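The structure's right below; bear with me while I get my questions together.
The chains carry the letters A, B, C, D, E, F, G and H, assigned in the order they are written, with residues numbered from 1 in each.
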Amino acid sequence: TRRGVPEAILADGKTPDEAATLAAAAVKSTGRAILTRADDTHVDAVVDTLNEEVTFHRDDRARTLVAHAPDFDPPTRDATVGIVTGGTSDAEAAGEASVILEEMGATVTRVEDVGVAHLGRVIDHLDTLRAADVLVVAAGREGALPTVVAGLVDTPVIGLPVSTGYGHGGSGKAALEGMLQSCTVISVVNIDAGFVAGAQAGLIARAISDARTGNDQAD
Amino acid sequence: TRRGVPEAILADGKTPDEAATLAAAAVKSTGRAILTRADDTHVDAVVDTLNEEVTFHRDDRARTLVAHAPDFDPPTRDATVGIVTGGTSDAEAAGEASVILEEMGATVTRVEDVGVAHLGRVIDHLDTLRAADVLVVAAGREGALPTVVAGLVDTPVIGLPVSTGYGHGGSGKAALEGMLQSCTVISVVNIDAGFVAGAQAGLIARAISDARTGNDQAD
Amino acid sequence: TRRGVPEAILADGKTPDEAATLAAAAVKSTGRAILTRADDTHVDAVVDTLNEEVTFHRDDRARTLVAHAPDFDPPTRDATVGIVTGGTSDAEAAGEASVILEEMGATVTRVEDVGVAHLGRVIDHLDTLRAADVLVVAAGREGALPTVVAGLVDTPVIGLPVSTGYGHGGSGKAALEGMLQSCTVISVVNIDAGFVAGAQAGLIARAISDARTGNDQAD
Amino acid sequence: TRRGVPEAILADGKTPDEAATLAAAAVKSTGRAILTRADDTHVDAVVDTLNEEVTFHRDDRARTLVAHAPDFDPPTRDATVGIVTGGTSDAEAAGEASVILEEMGATVTRVEDVGVAHLGRVIDHLDTLRAADVLVVAAGREGALPTVVAGLVDTPVIGLPVSTGYGHGGSGKAALEGMLQSCTVISVVNIDAGFVAGAQAGLIARAISDARTGNDQAD
Amino acid sequence: TRRGVPEAILADGKTPDEAATLAAAAVKSTGRAILTRADDTHVDAVVDTLNEEVTFHRDDRARTLVAHAPDFDPPTRDATVGIVTGGTSDAEAAGEASVILEEMGATVTRVEDVGVAHLGRVIDHLDTLRAADVLVVAAGREGALPTVVAGLVDTPVIGLPVSTGYGHGGSGKAALEGMLQSCTVISVVNIDAGFVAGAQAGLIARAISDARTGNDQAD
Amino acid sequence: TRRGVPEAILADGKTPDEAATLAAAAVKSTGRAILTRADDTHVDAVVDTLNEEVTFHRDDRARTLVAHAPDFDPPTRDATVGIVTGGTSDAEAAGEASVILEEMGATVTRVEDVGVAHLGRVIDHLDTLRAADVLVVAAGREGALPTVVAGLVDTPVIGLPVSTGYGHGGSGKAALEGMLQSCTVISVVNIDAGFVAGAQAGLIARAISDARTGNDQAD
Amino acid sequence: TRRGVPEAILADGKTPDEAATLAAAAVKSTGRAILTRADDTHVDAVVDTLNEEVTFHRDDRARTLVAHAPDFDPPTRDATVGIVTGGTSDAEAAGEASVILEEMGATVTRVEDVGVAHLGRVIDHLDTLRAADVLVVAAGREGALPTVVAGLVDTPVIGLPVSTGYGHGGSGKAALEGMLQSCTVISVVNIDAGFVAGAQAGLIARAISDARTGNDQAD
Amino acid sequence: TRRGVPEAILADGKTPDEAATLAAAAVKSTGRAILTRADDTHVDAVVDTLNEEVTFHRDDRARTLVAHAPDFDPPTRDATVGIVTGGTSDAEAAGEASVILEEMGATVTRVEDVGVAHLGRVIDHLDTLRAADVLVVAAGREGALPTVVAGLVDTPVIGLPVSTGYGHGGSGKAALEGMLQSCTVISVVNIDAGFVAGAQAGLIARAISDARTGNDQAD
């Protein structure tokens, strides 16, 4: 495993057995296993397979499962990442980002249901948005939220397009294109790639934390 | 010509001669000719061909040319259409909409350079936006402006995507998709279709004007 | 809720529980809940959750469910919207438009099964089409119906492409493109976006009604 | 050369010299050369190269050049093909079809400028349309004309999409898709493939002519 | 119903009840009902609903059901249509074409499993191919068969792309594009549109038959 | 202007006059003007228009022009950004990123011509790559370089796809898709968006610099 | 059957009965049947249908079934093909390639789980990679592995894109495009076309084997 | 330079100066320079820059320029590659393949103008086709030629799609898709990638030659 980003097992497309075997190997070698896009059959198989002293954290909405060995020593970073969503359908991708960030030791703050059609709600959270070191902004349909948010802060913003919407530009296509076309400065990840958005924010948070604690290049 | 929408001659793709012949025919039969996407060679040919008593109005930015016969009696409507743009590259499409609306007799108000990355500017014009009977909102790149505007008013909004932006979703693709995916209520026209946006707004303005003046179904 | 367009809950993609919770909240705060793309499990959950005095209207073909609190006071508008369909597969999208229009207080007239391959049927309904203040025209496959209708009336026409057809241009793609390319003046909404087409027609109808009743800018 | 369809030289993308060499070879071996998409440099080179007794027919709008050797004996068929266009921008593709049909010996009748937004004009030509043995119907933008025409006749209709229109579905894309999605019975050729549409109509006309003259399978 | 092409009911996407109601109406008004893309539930519903004197013909591979009233008088044409397929996966689309052609009174000859990778098999059937008045050639994957066949005959060929193949260009996309790009002369229909291919061939066959029997323009 | 990212004028698509007017305004209000995608006519117009005391820096390969007023006080950050390219065709986009980073006060190190087909060259620069606080990695064609680099470092990597390559996936399409599909953790910007990649890296560098110098949230 | 490549039956999309009938015919005529994309119902039907003396080899991961008649005499080639995969999701396509290669008589060596984000693993297998006569390199997501491998060897490399990955460029699209855009020399097959990659490698191996054994052009 | 494939300089998109500098460096380090997609300005600059003892070979149709130092010792292989084209528009891509193969030491045989619509011509060359060790088959439009050829030989075939054709599937898209969908066994390269096709054939030819001469793995 690379120091910065913990390995995660993409359970979707794997059998419960395959997921469990990989999880057991990860716990053995790194003290931790992280499963994304895990359904209940994956969770059951992993819980059955791993020994009893392992601690589990299941997040249903994010569809993640985290397993920690008793002696696992999680990192802590002195940096905050804000995760912003436009609506309830952004919850899964945003949750995935949140879980990976917590595993990377960042402090996570959540700002939810602040769609671009209701600007007042965005503006209400301006202080929270500005207090974060990095922002992950998830949005589906027309995906304008990261642009609007980035126009209001100086913080680096990572756009996370979400596969909502039907018809032309649906399934997150318009959201991804809109973020790539943004007239502000943001970088983006693929549609529904909550893990990547979270991990990239985590790498930035780690760099800031290291700088803040005088620990640069040395972690 | 249909009563509601004046015929326009799409000069682009036609020779100057063809444009002039069609313009002369239009002035003869309806007292007026409207050319869109006309470059200087079209304009010269039309001005040369039509007789001297015709009055011309050339709009360079909108690339339109309007010719009125001396006895042409323009319609007037008791209704206002607001045309909103996000930046200077939206000027051509918005100008095309403006010209056709004026020819349909509507009062046009313009609100310019109010991009979604600078929300303050949008909010500064809220009174103007709310005073209009219909809004045409042009935007390129990520095309979020009509969504943001429609979230602030109760007026019908027509989204006009503009062919700006490069890379994935460029040339107005993201803008069109974003407007079709809008989480508010708007209807849209094709990329750069300023004529169609203006004419549709003009038809709505005419219906409102007729209702306002007790002239329904009778014009 | 914005004054003009009632909020609707897009049930598809939500669990019955989520739909019911959102519906209960909507009834509490606005006296009304509107669910679109609701299947029977959504309907059962909503009906079970809301208290007995609420009145329900389920439209199976449109897949909508409307709930009114006893004291809910629906708006009425002095304006008529015509909804035109080319065939039975357009019924769901057209029905969604119809339900939202009724909730916005417009009078709805339906003209059904008038495909472009049978022009006689369109022409038979010309009086009805011309009597409407606004038209929503739904069409799948090649989507030519709004163009043909708009060529016959002076009324504003909103094109509603429907996801029928297989092969190249199928699932409403050709219909959307054809409407955007229309050689007449129409504005469009996304494929199957009956709610948006209806709501946009409702906003126009409201503006006309206000003008007609001298109630402009004041509702 | 196959008996049914004369070979044509697609000049576009060839140098004037290459076009002239191919034309000379064709005249030598078959008594005839047909160039499509030929600009003036191609025409000049061919005229310069071929000997003086060859008869040329240049069609500027169709961008074709036909050369006949003095002893060339053109076929004649007892069958009529109607070529229908929606607007002036369909003239090149339709002209290409017309030229090839004449070279195949069919009688060609033209019906022009009958767009779907002006149904009256279509209906005015119903007798001409019904008198043809086969119809080639060219249309750009939304491409609905072949569908409307096919709904009014019993004749085989070949749809010829034309590369007009801008924005989404532009350059003939919507027209091709709309024809493939047609709710009537038509077959189609590629965008701007006037040569193919004409030649296919010519093969059908030849089969009908042979049947009519009792000359089946024997030409 | 238009004289030339019998109406067909596209059962797919309709409930068994809807299909049965439409079939009963068709039998009543025209003496015949044709269902395409009908599964067993559609067939059962139609058979149950129609009265006992109706004669049914079910084709499982083509997924069609035809119902004839006792007094139904099928047309007969003096013309032959050849239907050619590249493999077993082309059987459904080709079968649909075959059924509609028989209902239109044409004589149908089938040539099966003659793929372009096995040219010998194509050449073995050259006499059959040349004896037909019109050819419908179905092919999936790279869709080259109609091009190869059209290079060997003078008969009009209609290409019918079939939705086989996976990966890039799969589901009939490459087949459709290849037929539109064909360097021979063919016209095409949409992917899997066996009904349209058959009906278009039937219209041509009818025109030839009428010419052959001296019955032109008069049927 | 937002504190973090200096405004840049996208010269491409603007007339020299428009560019000069905007540049003069920017120098007046912020002491600086940055033009991207500027050709020589833009540069000439800007240099002619601005007064003599302004200092210019033209970068031909990056196609940028920077103008500083005499009293302009550029920011300095205590952070390093590495810019990596796969080949000479990546130079323009990478240069644009470099210029904006320098204007934002970051130290820039360049690593050039390290393509994925020559892994040795990448590995030779490992120390430089690891010494940077942030990396911008530009790549065209298959766009694999950011993935390979990110697999070797713990630093945040921003992928910058470049519009090279012909055929399927050309013009940067494969590069963008490949970066979005990367099996490592990177975020991306649009094709050729060197300005955005540089500015996003600059925002991260600024955050790290602020943390390093104890100047957090206060600049 | 062509001498070089054994015919295979693509079971997916066929009924168990159809698969069994085709398999029985293949065993009868060639002594062997190979099924690809076969699920358990296909396998059961084939095993039930074929007589008892046939030997079966089922590969679950590759989803293949091979049946050999007792007297079947498999070819042997004096050539080695290496099959390289980036991860477990490449196993099915790679397995399909492996099975067909073994049936063609080549020696197969497998190198597994060597992704581009972990270059060390690739380099560890350099000797094995260089010892092969031909390489098939399977990769999903960004598909960079064949490019990296081809940069390290002189052996012909065939890229096999695999349908993994979600969002933009997912389902193997980015992998295919990346391989076509590769800045090294490779040829490719379609997404998931393990059969084609294996068979093409087998044809090359056969040519090398024949040259090696002095058996050229004579097998 | 890798032993197998000589480096080539893609002149298109480079200035004449850049091309000349790179060519001079290549001649200096490897005794040879190969330029592809070189126009006359590139050729002039290279010829002017390199010293007089260098030998040049310019191929206008292939748009290549090869420069050999006096002491350059070209490789020779005991293997033959056949290059097959469907028409004159395939000449550039095929020529590029030919030049690179000659530089790799293979014997090249050319078979030209054998389109799938004229099967007789293909069959006339069967002996030549079968005598080659490897075949590169170029084809534009529907791209069926490699499939037809591969059905007739046991030799490995590399499909080279060419950017001909207009409309849907034009510019080589249909050709690439058709080759990827081929129902025979071929591998492919990108559209117009004559260099890659030639180099891949050259690597296979080298492996065969080495085997033939007992020089395996040792060149």
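One rule holds in what follows: a residue touches a chain if its C-beta (ideal position, glycine included) is under 8 Å from a C-beta of that chain, and two chains touch if they have at least 3 such contacts.
Only a predicted model underlies this, so the values are computations on that prediction, with no experimental measurement involved.
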item	value
Which listed pair, E-H, E-G or A-F, duplicates the contacts of B-C in over half of its pairs	A-F
Centroid comparison with chain B (C-alpha atoms), farthest chain	G
Chain C and chain E, separation of their C-alpha mean positions in angstrom	37
Mean-CA-position distance for chain H and chain B (Å)	53
Chain centre separation (chain A, chain D; CA means) in Å	59
Chain C residues counted as touching two or more neighbouring chains	151, 167-170, 173, 176, 180-182, 190, 193
Which chain pairs touch, all of them	A-B, A-C, A-F, A-G, B-C, B-D, B-F, C-D, C-E, D-E, D-H, E-G, E-H, F-G, F-H, G-H
Touching residues (chain side chain F, partner chain G) in the complex	86-87, 115-119, 141-144, 147-148, 150-152, 165, 167-170, 173-184
Parts of chain E lying in touch with chain C, wherever the complex brings them together	13-14, 18, 161, 163, 172-173, 176, 190-193
Chain G residues within the chain A interface of the complex	88-89, 164, 166-170
Of chain F, residues touching chain A in the complex	2-5, 130-131, 133-134, 151, 154-156, 158, 180-181, 185-190, 193, 196-197, 199-200, 203-204, 206-209, 211-212, 216-217
